[in-house]
Amino acid sequence: MVEGLLHPLNIFIVGLGGGFLIPLFYRLGKSWTAAAFIVALAAMTLISGYALFVLLNGAAPTEILTGGAKPPYAINLRMGLAESFFAFSVNLVALFGVAYVARERYGTMLLYLLLVMGIQGMVMTRDLFNLFVFLEIVSIATYGLLGLRDAHAALSATFKFLMATVLASTFFLIGTLLLYATTGILNIDELIAKRASITGPIGFAALIFLLACLLLELKPFPANGWGLDVYETARSDVAAMISGGVSAGVFFALLKLLPLFEDQLELIAALGAMTFVFSNLIGLQQTNAQRLLGYSSIGQMGLLTIAAPLLYRLNADNAMFLVVGGLFINHLFAKVGLFWLAGYVGKERLQDWAVLARRPGAILTFGILIVAISGLPPFPGFWAKWQLVMTLAVGDLYVWIAIVLVGSLLEAAYMFRWFGLALNSPAEADGVSHGQADLFPIFGMALLLVVSGYVAGKLAGLAALWAYMPLAAGLVLYMLARLPSRVQYLIVLVLVTVGGGRLILELSGISFLFAMLLLAGGLVLSIACLARTDRRSGFYPLLAVMLLSLPALPRATTSLEFIFVWELITLSSYFLILQRTEAASHALQYLLFSLAAAFFLLCAFAVLHAQTGSVSLSALRVAGPDSAPVFVLLAIGLLIKAGAIGVHVWLPGAYAESDDDVSALLSAVISKVSIFGLLVGTYVAIRSDVSLNLALVVGWIGMLTTLAGAMLAARQDDLKRMLAYSSMSQLGYIVAAIALMSHLGWVTALYLAANHLLVKGILFLVAAAIILRTGKRSIVELGGLAGVMPVTFTAAAIAIVAMSGLPPLAGFGGKWLLLSAMMEKGWYGPALMTLLATFVGFIYMARFIQAIFLGPRKAAHDALAEAPISLLIPQTLLIAGIFLMSFFPKLLITPLSNAIDPQFASTLVWQGMSLEMIYGYWNPVPVMALAVIASTILFGLFWLLQRSGWWSAIANAEIGGTRSSLYKGLTTVFTVLTPPWAGALWGGLTEATTSSAERIRILYTGNGQTYNLYILYYFIALYAAAGGVRHLWAGVD
Amino acid sequence: MIRRLSIVIALVSFGLVFASLVAGYAERQSPRPLAEGYIRLVPQELGAANVVTGILLTYRAFDTLGEVAVLFMVAASVGLVLGGERPPRGVRSEVRPDAARPSSEIVQTGTQILVPLISIFAAYIIMNGHLTAGGGFQGGAVIASGVLLVLLAYPQYQPDLEFLGITESVAGALFVLAGIAGLIVADGFLDNRILPLGQFGAFFSAGAIPVLSALLGIKVGCELSVILERFRP
Amino acid sequence: MISRIVLTTGLLLVLIGLWGMLTHRNILRIIIGFSLMGTGTHIVIVAIGYVANGTAPIIDRALSVSEATSRAVDPVPSALAVTAIVIGMAVTAVMLAYAIRLYECRKTLSIDAFTESKW
Amino acid sequence: MTDLIGSVLVLLGAIFHFSAGLGMLRMPDVYTRMQAGTKASTLGNTLVLTGLAIHHPGWSFKLLIIVYFVLMTNPVSSHALARAAHAIRIPMAGDTGIDALRDAQQRVGNGA
């Protein structure tokens, strides 16, 4: 009985019967109509859901026969796994969409119901002509629903849409007929079975006509202006159904017919690629929300059109479900949610979306949808793209990988730009146009994305729950967002300590050390956020996610886990930067470079996967000598993330413009993530000579970065920018140290990394304190703060000494190690650069201390208080760390050395030079004692001078004297030496991208006839590209 | 000019493709196997003399149901599009008085003569669909032409939209019900053998096909009439 | 031969419809172009169904059951034609409805007046 | 013999149809084209159908009905069309002398 009631055929009985009866229910009353409508939709959802459930449990696909006869005489339909999946997800979305439709006139409900049924018909039918009928049902329902918007532009757009789709469906009809003329078959299964008999000019033309229609219905570039116009002007829920539902039906039809097009698979993928890249490119230039979503929709369909034929050609049946299914539901849920959100907000221009800024719930949902649509974790699109890239790599289809990733990057660019705009300037908040109730379906979509993301993750192979720990912590914090911020921070602390502790306990070696470093550093620096007492909506959940994903990165054992956590770190830090709305453009830059970096890593892992057949990170250690491409890709990605010279343009903005406590975290802790990546990734270089040579290149890049960073820092007047460039400079040392590819180099790298974490943490907190107390960021406006903020000054001084590489503090040890390691490898050039950079470093560091803390104090700053305790505590802890490292270097060096030992002992790069030997030259304790005595004396002198009032005279003399002109001269040199080529390059690239987008946009003239002409040419191009010209000549003969 | 030229080039290209089709087409000397099967099966299994109707109302009845849905949706769509924010009907005749211009005597008289004829013809077409050329769609269209004539001859005439709507809905629902009956009584959804096949070639034969034809005819007639009515200014 | 002539006619009609649809600026004429294209397609359907020396696939005095399989034309395209015609009519009706609305908005039927959304 | 008569009638009908087509192309305005189309094609249809009836006497009754139908519909529809054209003031050819319908309407208008 249950079986009978839930038979898939009943979808159509319910749909059609319900549709026909709705006018009758209308006579009974409006609420009856709505009730019947909802019951019918719910029934369809239930039936398809049950089918999916049964099929997932291993049942055979259900054949639906009609007319009391078997195919090919009668029309048959099929409910298989893929069908039920598509049907169920579309139904689910439609059911949520009821919220917007059930209040309309009954005609709307009727069309909506039949539309949903028609989509499922397209999905399930196995008869070509029946497919045409369902296509028309869907089209006509769409035409009717589009009439809901009365605006003039909407009517015009609908007419263009009509013209185009009628032409396309005529193609389908002609194709079907010609296919019947050649084969005498309409049943799809039989057609596929007899694929070989579809030959000759008629058979060929038939296939091309069919293909052209299906592609055109997916709105391919450039024959898609009509689709965009409708996306732009239609009522948002209707646009949502077109984007999610109708496209789903058409795409499934294409998927179903793919075996027929086996000679055109590459062509289909190429057309999809064109659509994917170009629509995302033009999307960059959009200012209208719905049109932007239109471009994105079309792009997503393009992506699906790339994926499906390529995977089909590769016979990757296992990957097919995850990739196509994942990309599809990701697009469906996210895009439908975004369209609904557009309806809820009711603002056309992207700038006006700032009205959302004060609605945390809506913003969270918006964020989830944006992240999902960009194909980032933890949503299905991410897993699907990962699987897609891996599968394509196995098939050696690297160009396609590049296309997919470039398009994804473009899409992320405009999506996140939009998100930034929504957070921006909530000055005039004249409210959204709809009530809160309209938000619930959108929440539903976000929830579905989360659930489906988890399932897809399992399918992709990420079964480990620990990877979700950061997100779970974020969720807990989000639910507790009403608590006072200090309580929230306490919870963060507890969660991160407990969770991070659990993550760390399972680690050993370098991973353990790094996880420890990242976790401890993150925790200590996060204390600084207590200095802020205002309400920071979303801050603590994000903080929890970030702090927990830091130690999770070393925990990753597969490339999938690695990328997953990597993206979590990227996203959480992006959103943290975005906490300061003024930083939106810098945050976007940060995100895009980080994503590009992640894509390079993804490519590297894909190549590795293709070479070794493994997704385990340990494959990096055993990769063979031909792994040079892996190394190059990894190096590029990680250097981007580390802010190496040339790709450093994101760094100053992100570090300097974010909130002060976030800056500290970014610069001190998150930057180490790329260092860890380099340590993990450079294993592959060990086994091939090419890669070792490439490592030298990386080393040079590192040193150039150091030098350039130092020079740029010396030129800055902005406190935080100076520190940001200083970070860049310091990271350069570390990169160079890793690139040494020797035991000593790596010990140095880790040592430097730890040192930099401590030092830069202190300095950014010092900057935070100064900005907090003075409100100034330019060091020119500061001065003499040592008197009013002595503790801060002391901390800054210690940090500067430790960073500059002066004895006695840890920096000196680091430099010593680095120079030794370079000499050991014979890298004399880089060693020279190290010295030079150290000298330049002295200049900006001296300037930092001198200009801020020494010199005359501005009158306004006389009454300043010391930094708040919440900033001083982390500084003190970090100073303790510095002293620990300085006095007992072996405490750190020994475990470092031991952790690294096994890697190099087997690789023969280790040349037997004992660390003790090198390190033995320098015994820190006496040097330290001397230094302490000296500095005590100096400090005493300084104190006496200040007391006696002579100080200001000396300081004034200093400012006006030689030091200043020396500085000026040097900065002139630095300016010459660091021409803004990188900025010009990236600016030029951006400019070129946007201007080409602007130029391509001219295709869309807005004229319906022109669009139809494009469609004709699209067909002609398809025909010619598929090799139809030979048939033409055959015809002439 | 460029535009013209590009249109010409596009059409010439299409012409070439079409020419290749014509050149490649060979006239069938005998029906295709599928067609042959239908020609054998329809009289034998369904008891319908008109093979096309047999196909339409049983083997491909799912398509037919889809078409009915299409027409039904067109009525609703046109209603949505034209019924939007425009002034209600009563008001409009004042705004545009010429819309209600009476038709001439010739048209009215012609209508009086023709409408009965058209109706009878429609009924004939519908009810003989299983025997000769004809069927529900064709008959429904003829009914609608009669309605169109009435609308032309008597511009003031208001068809009872509510009645048409209800009839249409009921006919559609009955069609689906007949399909379900096929599922229960006969071999599957939309199987026409829920009624006895009767004597081949007789008026009451071919199972439920005449009934389905009638339902279709009524439904299509109503739908087209509603669409026509919606198009009236 | 016959089917080739019919096929040519149908395809020509499709071309004429396309020409009309692309060159005329008046929306009503464009719709007529679409209708012509549709009609051309229906004629193509008929052409494809034709079997040499065939007659209508209706079993009556003129066509006995036994000779039907050899003398009748293909009934499938005829069945498809019915559906295609109904769908074509449906689409035309919707197009006309939109044409009326467009005319009400702008008091013109020129397609050049309806290019609001672009880029 | 009957075959011959029938064929001649069909041919005659075809000639009238041809002239109808010619008239549609050559006539100067809507009204004259309309009348050419209607008159010639009505007669042409009738002739063709009569010719067919002579060919196939068994079809006579059905053909008669069709003739009746053509005679009823063709003139009525073209009348309605022409009136509609007149009502929306589609201009007549330049050398048209008399517009009886307008005159009649004016008379009615003046009288009232």
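A few remarks follow.
We call the chains A, B, C and D, going by the order they appear; numbering starts again at 1 in every chain.
Rule of thumb we're sticking to: contacts are C-beta pairs under 8 Å (C-beta built on N, C-alpha and C of every residue); 3 or more make two chains touch, one makes a residue touch a chain.
Chains and their UniProt names: A = NADH dehydrogenase; B = Sodium:proton antiporter; C, D = Cation:proton antiporter.
Only a predicted model underlies this, so the values are computations on that prediction, with no experimental measurement involved.
More C-beta pairs in contact connect the chains of B-C than those of the other pair, out of B-C and B-D.
Taking each chain's centre as the average of its CA atoms, subunit B (Sodium:proton antiporter) and subunit C (Cation:proton antiporter) sit 15 Å apart. Work out the mean CA point of subunit C (Cation:proton antiporter) and of subunit D (Cation:proton antiporter), and you get 27 Å between them. Averaged Cα coordinates give subunit A (NADH dehydrogenase) a centre that lies 73 Å from the centre of subunit D (Cation:proton antiporter). Among the residues of subunit C (Cation:proton antiporter), those in touch with two or more other chains are 14, 18, 22, 76, 83, 87, 90, 94, 97-98, 101. Shown for subunit B (Sodium:proton antiporter) are the residues that touch two or more other chains, namely 7, 10-11, 14, 21-22, 25, 32, 34-35, 38, 60, 63, 66-67, 70, 73-74, 77-78, 81, 84.
Contact of a single residue of subunit D (Cation:proton antiporter) with at least two other chains is seen at no position. Contact topology of the protein chains: irregular, matching none of line, ring, star or complete.
Chains that are in contact with each other form these pairs: A-B, A-C, B-C, B-D.
Only residues 98, 101, 103-104, 106-107, 110-111, 113-114, 117, 152 of subunit B (Sodium:proton antiporter) touch subunit D (Cation:proton antiporter) when the two sit together in their complex. Those residues of subunit C (Cation:proton antiporter) lying in contact with subunit A (NADH dehydrogenase) across their complex are 14, 18, 21-22, 25, 27, 30, 34, 37-38, 41, 44-45, 48, 76-77, 80, 83-84, 87, 90-91, 94-95, 97-99, 101-102, 105-106, 111-112, 114-119.
Interface of subunit B (Sodium:proton antiporter) with subunit C (Cation:proton antiporter) (complex): residues 4, 7, 10-11, 14-15, 18, 21-22, 25, 27-32, 34-36, 38-40, 42-44, 49-52, 55-56, 60, 63-64, 66-67, 70-71, 73-74, 77-78, 81-82, 84, 86, 131-133, 135, 137-138, 200-201, 227, 230-231.
By the touch rule above, subunit C (Cation:proton antiporter) contacts subunit B (Sodium:proton antiporter) in their complex via residues 1-4, 7-8, 11-12, 14-15, 18-19, 22-23, 50-52, 54, 56-60, 65, 68-70, 72-76, 78-79, 82-83, 86-87, 90, 93-94, 96-98, 100-101, 104. Only residues 9, 12-13, 16-17, 19-24, 27, 64-69, 72-75, 105, 107-108, 110-111, 114, 118, 121, 127, 129-130, 133-134, 136-137, 140-141, 143-145, 147-148, 150, 178, 181, 184-186, 200-202, 205, 1010, 1013, 1016-1017, 1019-1020, 1023, 1028, 1031-1032, 1034-1037 of subunit A (NADH dehydrogenase) touch subunit B (Sodium:proton antiporter) when the two sit together in their complex.
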